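Chain lettering (A, B, C, D, E and F) follows the sequence in which the chains are written, and residue indices restart at 1 in each chain.
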Amino acid sequence: MANSYDTGRLNLPFVGISTFGKRPYVEDWSKIDADVAVMGAPFDFGTQFRAGARFGPRSVREASTLFSFGHAGAYDHEDDCTYLPSSVRIVDIGDADIIHTDTARSHANIKTGVQAMLAAGALPVVIGGDHSVNIPCIEAFEGQGDIHILQIDAHLDFVDERHGVRVGHGSPMRRAAEKPWVKGLTQVGIRNVSSTAREGYEAARAMGSDILSVRQMRELGAQGVIARIPKGARVYVTLDIDGFCPSIAPGTGTPSHGGFLYYEVLEMLQEVAKNHEVVGMDLVEVAPDYDPTQSTSILAAQILLNFLGFIFHARAGQ
Amino acid sequence: MANSYDTGRLNLPFVGISTFGKRPYVEDWSKIDADVAVMGAPFDFGTQFRAGARFGPRSVREASTLFSFGHAGAYDHEDDCTYLPSSVRIVDIGDADIIHTDTARSHANIKTGVQAMLAAGALPVVIGGDHSVNIPCIEAFEGQGDIHILQIDAHLDFVDERHGVRVGHGSPMRRAAEKPWVKGLTQVGIRNVSSTAREGYEAARAMGSDILSVRQMRELGAQGVIARIPKGARVYVTLDIDGFCPSIAPGTGTPSHGGFLYYEVLEMLQEVAKNHEVVGMDLVEVAPDYDPTQSTSILAAQILLNFLGFIFHARAGQ
Amino acid sequence: MANSYDTGRLNLPFVGISTFGKRPYVEDWSKIDADVAVMGAPFDFGTQFRAGARFGPRSVREASTLFSFGHAGAYDHEDDCTYLPSSVRIVDIGDADIIHTDTARSHANIKTGVQAMLAAGALPVVIGGDHSVNIPCIEAFEGQGDIHILQIDAHLDFVDERHGVRVGHGSPMRRAAEKPWVKGLTQVGIRNVSSTAREGYEAARAMGSDILSVRQMRELGAQGVIARIPKGARVYVTLDIDGFCPSIAPGTGTPSHGGFLYYEVLEMLQEVAKNHEVVGMDLVEVAPDYDPTQSTSILAAQILLNFLGFIFHARAGQ
Amino acid sequence: MANSYDTGRLNLPFVGISTFGKRPYVEDWSKIDADVAVMGAPFDFGTQFRAGARFGPRSVREASTLFSFGHAGAYDHEDDCTYLPSSVRIVDIGDADIIHTDTARSHANIKTGVQAMLAAGALPVVIGGDHSVNIPCIEAFEGQGDIHILQIDAHLDFVDERHGVRVGHGSPMRRAAEKPWVKGLTQVGIRNVSSTAREGYEAARAMGSDILSVRQMRELGAQGVIARIPKGARVYVTLDIDGFCPSIAPGTGTPSHGGFLYYEVLEMLQEVAKNHEVVGMDLVEVAPDYDPTQSTSILAAQILLNFLGFIFHARAGQ
Amino acid sequence: MANSYDTGRLNLPFVGISTFGKRPYVEDWSKIDADVAVMGAPFDFGTQFRAGARFGPRSVREASTLFSFGHAGAYDHEDDCTYLPSSVRIVDIGDADIIHTDTARSHANIKTGVQAMLAAGALPVVIGGDHSVNIPCIEAFEGQGDIHILQIDAHLDFVDERHGVRVGHGSPMRRAAEKPWVKGLTQVGIRNVSSTAREGYEAARAMGSDILSVRQMRELGAQGVIARIPKGARVYVTLDIDGFCPSIAPGTGTPSHGGFLYYEVLEMLQEVAKNHEVVGMDLVEVAPDYDPTQSTSILAAQILLNFLGFIFHARAGQ
Amino acid sequence: MANSYDTGRLNLPFVGISTFGKRPYVEDWSKIDADVAVMGAPFDFGTQFRAGARFGPRSVREASTLFSFGHAGAYDHEDDCTYLPSSVRIVDIGDADIIHTDTARSHANIKTGVQAMLAAGALPVVIGGDHSVNIPCIEAFEGQGDIHILQIDAHLDFVDERHGVRVGHGSPMRRAAEKPWVKGLTQVGIRNVSSTAREGYEAARAMGSDILSVRQMRELGAQGVIARIPKGARVYVTLDIDGFCPSIAPGTGTPSHGGFLYYEVLEMLQEVAKNHEVVGMDLVEVAPDYDPTQSTSILAAQILLNFLGFIFHARAGQ
């Protein structure tokens, strides 16, 4: 298994077109042939404070090049393991088409993209965009079997309806919980005042949600949290970047202090990858222009690439 | 006529709550009693590149405090004139209520605000938000007599419909031109490729629009441009901050090089104030977080305050 | 108890005039009728490195809107408690008048404001400005009974006099300790080299101060620290934002690495609210223009609103 | 000729992978089949003040999406002309491979790319990178016939050798002038102290260079400047972004006040396109991270797309 | 006359300690032996909007290194002249000592520094700091013969007293006009509302000031403006960076649109250097942290170095 | 032992020329007479992602002034110790001369500087620049006795050669390990994918390296880590700022999440100072322009000054 720079270009991180991980771009969604397909969902009309998540996909792609050194996989000395060997085929299928002023059609286009990835048998990875993009993602799983949702987030996102709004970024988990194919939710990192009021928490619990704060997660540990997900559940992970502490993820619309540090999330993801089939994921709310250091986008890319590594390492081991 | 600091506080620009020009805040829209009413319209789902104009109203208000020194009016040594004496009553009525994900209801709320200002007999001043907020502003003028629109902008904004979108920030002038009470448009500063294609220009001209580029305006001069507006026309001014050169207005969604410098716009506004009844205005597309220097917001505040000075100086002189 | 959006506007965080928490603005200081009054003290001539804290009040007000969703209080799922129900009346009284070049008169105006809040029976909350604004705050407590000061800060601020300076931001705790009505100080978070030299530490200890570093606080825990405050003491809290780690509070004049993370401070404040009467507070040294992410201002707003919630929850429970 | 959004996606500027102008990416340099080929040259070890031009290609590509609305060409109402109709085939061939620490090999890789574009019969467009990348560009023209160089720049870039350095960003025009196939240089915008000392100016003039300052260009006008280029000359254009005024191009390594405004350069480029065969171009020294407003990158993209429009309009008219 | 890099180090702009122009640092003010002495006056408590000018000296020094290439003087091809040959001895004497909270003592220390430079026979160059630092500069000229002041500024700075403030940055020209040794003022660039009200303009004219706006200067031309200064007058130049357009000088406390472009100021300075003895200068109000592009500081350094070149070229020619 | 402000200037941090710690500048490297000599190495052509470390020395010097209050040493209340009393003589010798485009000569100049410091008997402290500057630093120790290297870093930096590159910032530890006088390496903080692939780790271990991740260090504790360094070893410390968490050190070229917090590194350095002779150090990869908050530079200065304090406290105690 050769490193790509042995035979071709050195291809330093700052060189070249920014697809996700510098992987091939597949423009025709009927021709996806890969283990993983990555799609952007640059929609941010669902936000309630700062916008800008529309540039999330571009910035995460750009940041992902930092982790592209042309090696034949990503060696991790702690695990003594090379993740994402060349046998794991990842493609970037570009972005869902977004229609300004029109939430319904934009969401529909996102759903179409996820359906295409699922139809191709690829693991769908969606980069938001605000958290409302999770709504069409979950809708696309209709007919794909039961799923459990693991949400890492500062906010519960369980608003039912307010002033007629049902599909804003404060509602995705409510919309998910309503779906027959969503059998449960584990919501981790939830803290502070947000668009969800007390009644939202009560509704979530009534609909079977397991709500954990950052401090509660710290007491349980990563293993303890993941152990609360039903055995055998097929898990969809939705990762709102504001689940992290603003110290490492300030580039987001509604930052909330007191969030997770890096290893806390990494270890939950490694644990869920070991113990469950992961059937899809989205990473949302990166608003890169609020972080001139680019740390937020780098975090998003680093987490996604590591999580994909864990998933396919677990699959390979089975 | 006393300067306010003679009897009260020094009230330096950096001190105090940021209403527009530190003028009184009127929360109850049924109780507007003023010559000028200023309202924010923090809507930006109509944008096609960078969002962030939702923070336009806050930042323009904050910047406007720089021009608030507690003097009894604003003395201009070039004109040897004190503009905006205390007899001109300006109020800030806060923002129109914006509903995330919902363009129609957000626009409706903006229209309600402009109607309230008009009903009170105040000159309506709307701070955007993206240029789509002009659509409900113009709708609110139904039944208020005929108007002519003076648009200062980089873009023609004359898209009819595309992918079902009719009320995005690329369409306000088309929507305006369709109104029976809009008798003509003067569109100045138009340049470069934008969301309006050739057919939009043809339609605009067919619907009676007078289109001028920056270089064409420079040849005509401010007086020459304003002389093309029909005599006696009651004029509504819509000022897209991207009509200016990005050198002084980088904080906007779709910057376009080659725009106007400060005095070019100032002099057109002074000229229109001298020669026409100005019946309303909006200033749109300030996206402050893209300009860490705050120059864009300062420009917006400076232009608005000067224009108001010119208008009421002209009214006083009649 | 209704959420405000049920009957009126949705009033998203990015909409509306930025008073603290979008609470009513009371311009006439003789008419304060509230449980809590918030005043800005935008003074920063007392700084020894970066200025800019004059924009602290504006930025903290703006950030505080992020936590204003129109709910009937702030539900905290960890405590299963709704803080700050509508029965807690909070007002914003604007800023103390600051006189450039003149420290003495600026400080005097701050003192006047705090006296007005105290006279009205409101809990005074002052947003700086640099830490020297604490000096007039403490002076305003003359005749208000004995107090104990809990300071959370990177720096001891115990300089007596240097080059004639006695009221800079390096001296407030020394000035406080000299007051007969200040019975003791607990100074937490103190670390690194600063304007206070060894003799300042010796003087502080001699004057009855209890000095704790970040690491010492971590060993004691929040409860352990607060237990060192004399039982029954009425506590005034002065919170210098640089007590926090620069990772979450870079927007300050003299950052010092190794500071507190979010929950450490939150838990000390919750503990002091439970065990003591809190009689006033200031939050100082937010210099927002050094933090383009706005994390610092959001932190300040989040901490203040939570602390107020704890205080009135404790009062309600008594 | 259909607009692409009529049949497919709306494809707003903020949507999709960032190739230049969202044009097709051709990875295999032996398969370039286009009228124009765009290549990045992200090399910046040749800089003498601020680095960062290595991110020029990425940022110019990203900015170029602002001008991609899916129209069937770019309509210019001043010229009443639709530039860049779909018949002009533009491709993006990615970046030359850059080898950190190694100037010689990095330059060699750039030369290889330009040779590939020339071999394919495409007009080569190179986006730097610092101005030293012009050296391999000009070397690639060996055997391609005689050329004249039009340089728009603040600096003469005519250093022969200093401390052994012959291929830094202060020397490209000297290196070009030495080539037998370079028959002359027109150097416009030159001003202020720089790495070229008096002897460099003398050498340039001796080697046949025509040196013009910004003020001299203003006196001559765009037509007057271009008229000084020998009739019939085949022209290669090298555009250093610091030729522009820092007001619109602050994102560069060595800004120099007093530079060109937008139309001055645009009109020189339009004039040269009308009167000469343009055989290649590079645009260098965009260091995007020094311009948080992105104005510099937008300027670069806007100028390149307009210039390409002028060139192919002229070719079509012949 | 050798270039320094011929015999020693290449000494690129980004290398080395940042004194002004990389000139020698003279710590002992009794040992100044130079033609020009440069001193920082990092005082900003006199500001009425944004602070931060305290970092003006550091940033202008840092920016000045961009113009330091080790050449034996600065060759200007437009004038065909090498300015600032090594025979012109320039030293940096560091900063005046600033005392936080104490305007009077800080100003006194600035005065001491200027007196030291004058006593040594060096041309004093003071880098602010806010414009109030001009007050001690002018005071230091007592007993040095009559002077005329040429002020380039957006603001008249002619406030007599307000709320007891007489030495803030709104008053320096009033304070100067009161001095017996100041025989007249030429105030150029004045525009827009500021801290000076109508009565200030009337007082200025009564005290012999010649007030010109930007547009008036443009009509007169640089020569026309300088021709209004009495023949034979010894001129002190005070240059407020906000006299420039915010497009090139956004890094300042109180930006005002409509200011000067680069050559307008440069040519006035060249003209005054040709026609008058220049006896001192200050450049104030650079607040670098409001300009992340560093353009403002680069402008300040570029203007100062060119002006010094003009002055000593004129002296040499006499 | 007097504080300097008792007899002279107050000399606040924002005042004065920025040498390291405001210590004396020694231009002539043959006249270094000090305990510690600090040199900048502003070289960054060895970087593989973001450049900009060339401004590391300037920014760390500037940040170091924050810790310069003129006290007679730095009092630490936790240790009850005054570090860096005036008896410890520190000088700043400026920067090594960097030659753009030329890695070999730039590195050679750095080596010359370190040799000069060693020859003078001063402890050499080098501020980078990218990590490749460590290569000439270690080369300068030839003939100085055996050393052990303690590296704190996110990356192993153990690339042997790729595309001919042997002296980029991915290779310094490999180059060091090859030196006969380097007897061992302790590499702490290593994590995530980087330019070193699996074979680099294997080679490092084979060459005697002890590799520890952040989480492994946390398990061992600072004492546990330092205990793994052979007793009696003379230690050279190379500190890559990206060893820290991006939350406090975002201003670097290749940030890597999951890094060290402040006290973790501080305590390792305090421990190594107590137990070993420290013979030299470099601190590299500060790219200040990627951190507009300046936190990264402040961290670098704070760590360096504390480490020097620990070293000389240990020496004094022996």
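Going forward, a residue touches a chain if its C-beta (ideal position, glycine included) is under 8 Å from a C-beta of that chain, and two chains touch if they have at least 3 such contacts.
Each chain and its UniProt protein: A, B, C, D, E, F = Agmatinase.
What you are looking at is a predicted structure, and each value in this text was computed from that prediction instead of being measured.
Chemist: Both chain A and chain B are touched by which chains?
Modeler: The shared contacts of chain A and chain B, listed by label, come to C, D.
Chemist: Greatest Cα-centroid separation from chain C: which chain?
Modeler: In terms of C-alpha centroids, the chain at the greatest distance from chain C is D.
Chemist: Compare the two sides of the chain B and chain E interface and say whether they are made mostly of the same residue numbers, over half shared, or of different ones.
Modeler: Both copies touch with mostly different residues.
Chemist: In terms of CA centroid distance, which chain is the most far removed from chain B?
Modeler: The most distant chain relative to chain B turns out to be F.
Chemist: If you average the CA atoms of chain B and of chain D, how many Å lie between those two points?
Modeler: 37
Chemist: How many angstrom lie between the CA centroids of chain D and chain F, rounded to a whole number?
Modeler: 40
Chemist: Tell me, which residues of chain D touch at least two other chains?
Modeler: 10, 12, 14, 48, 50, 54-55, 99-100, 163, 165, 245, 247-248, 290, 292, in rising order.
Chemist: Draw the chains as dots and join the ones that touch; what shape do you get: line, ring, star, complete or other?
Modeler: Topology of touching chains reads as other, fitting no named class.
Chemist: Which of the chains touch, listed as pairs?
Modeler: Pairs of chains that touch one another: A-B, A-C, A-D, A-F, B-C, B-D, B-E, C-E, C-F, D-E, D-F, E-F.
Chemist: Where on chain B does chain A make contact in their complex?
Modeler: Counting only chain B, the residues touching chain A are 44-48, 50-52, 54-55, 99-103, 105, 132, 163-165, 167-169, 289-290.
Chemist: Which residues, counting only chain E, touch chain F once they are in their complex?
Modeler: Contacts found on chain E: 9-12, 14-19, 25, 40, 42, 54-55, 58, 61-62, 92, 94-100, 292.
Chemist: Show which residues of chain B lie in contact with chain D when the two form their complex.
Modeler: For chain B paired with chain D, touching residues are 48-50, 156, 162-163, 165, 190-195, 197-198, 201, 211, 213-216, 245-248, 250-251, 254-258, 290-292.
Chemist: Which chain E residues qualify as touching chain D in the complex?
Modeler: Where chain E meets chain D, its residues are 3, 5, 10, 12-14, 66-67, 69, 71-72, 74-78, 82, 245, 247-248, 261-263, 266, 292-295, 298-299, 302-303, 305.
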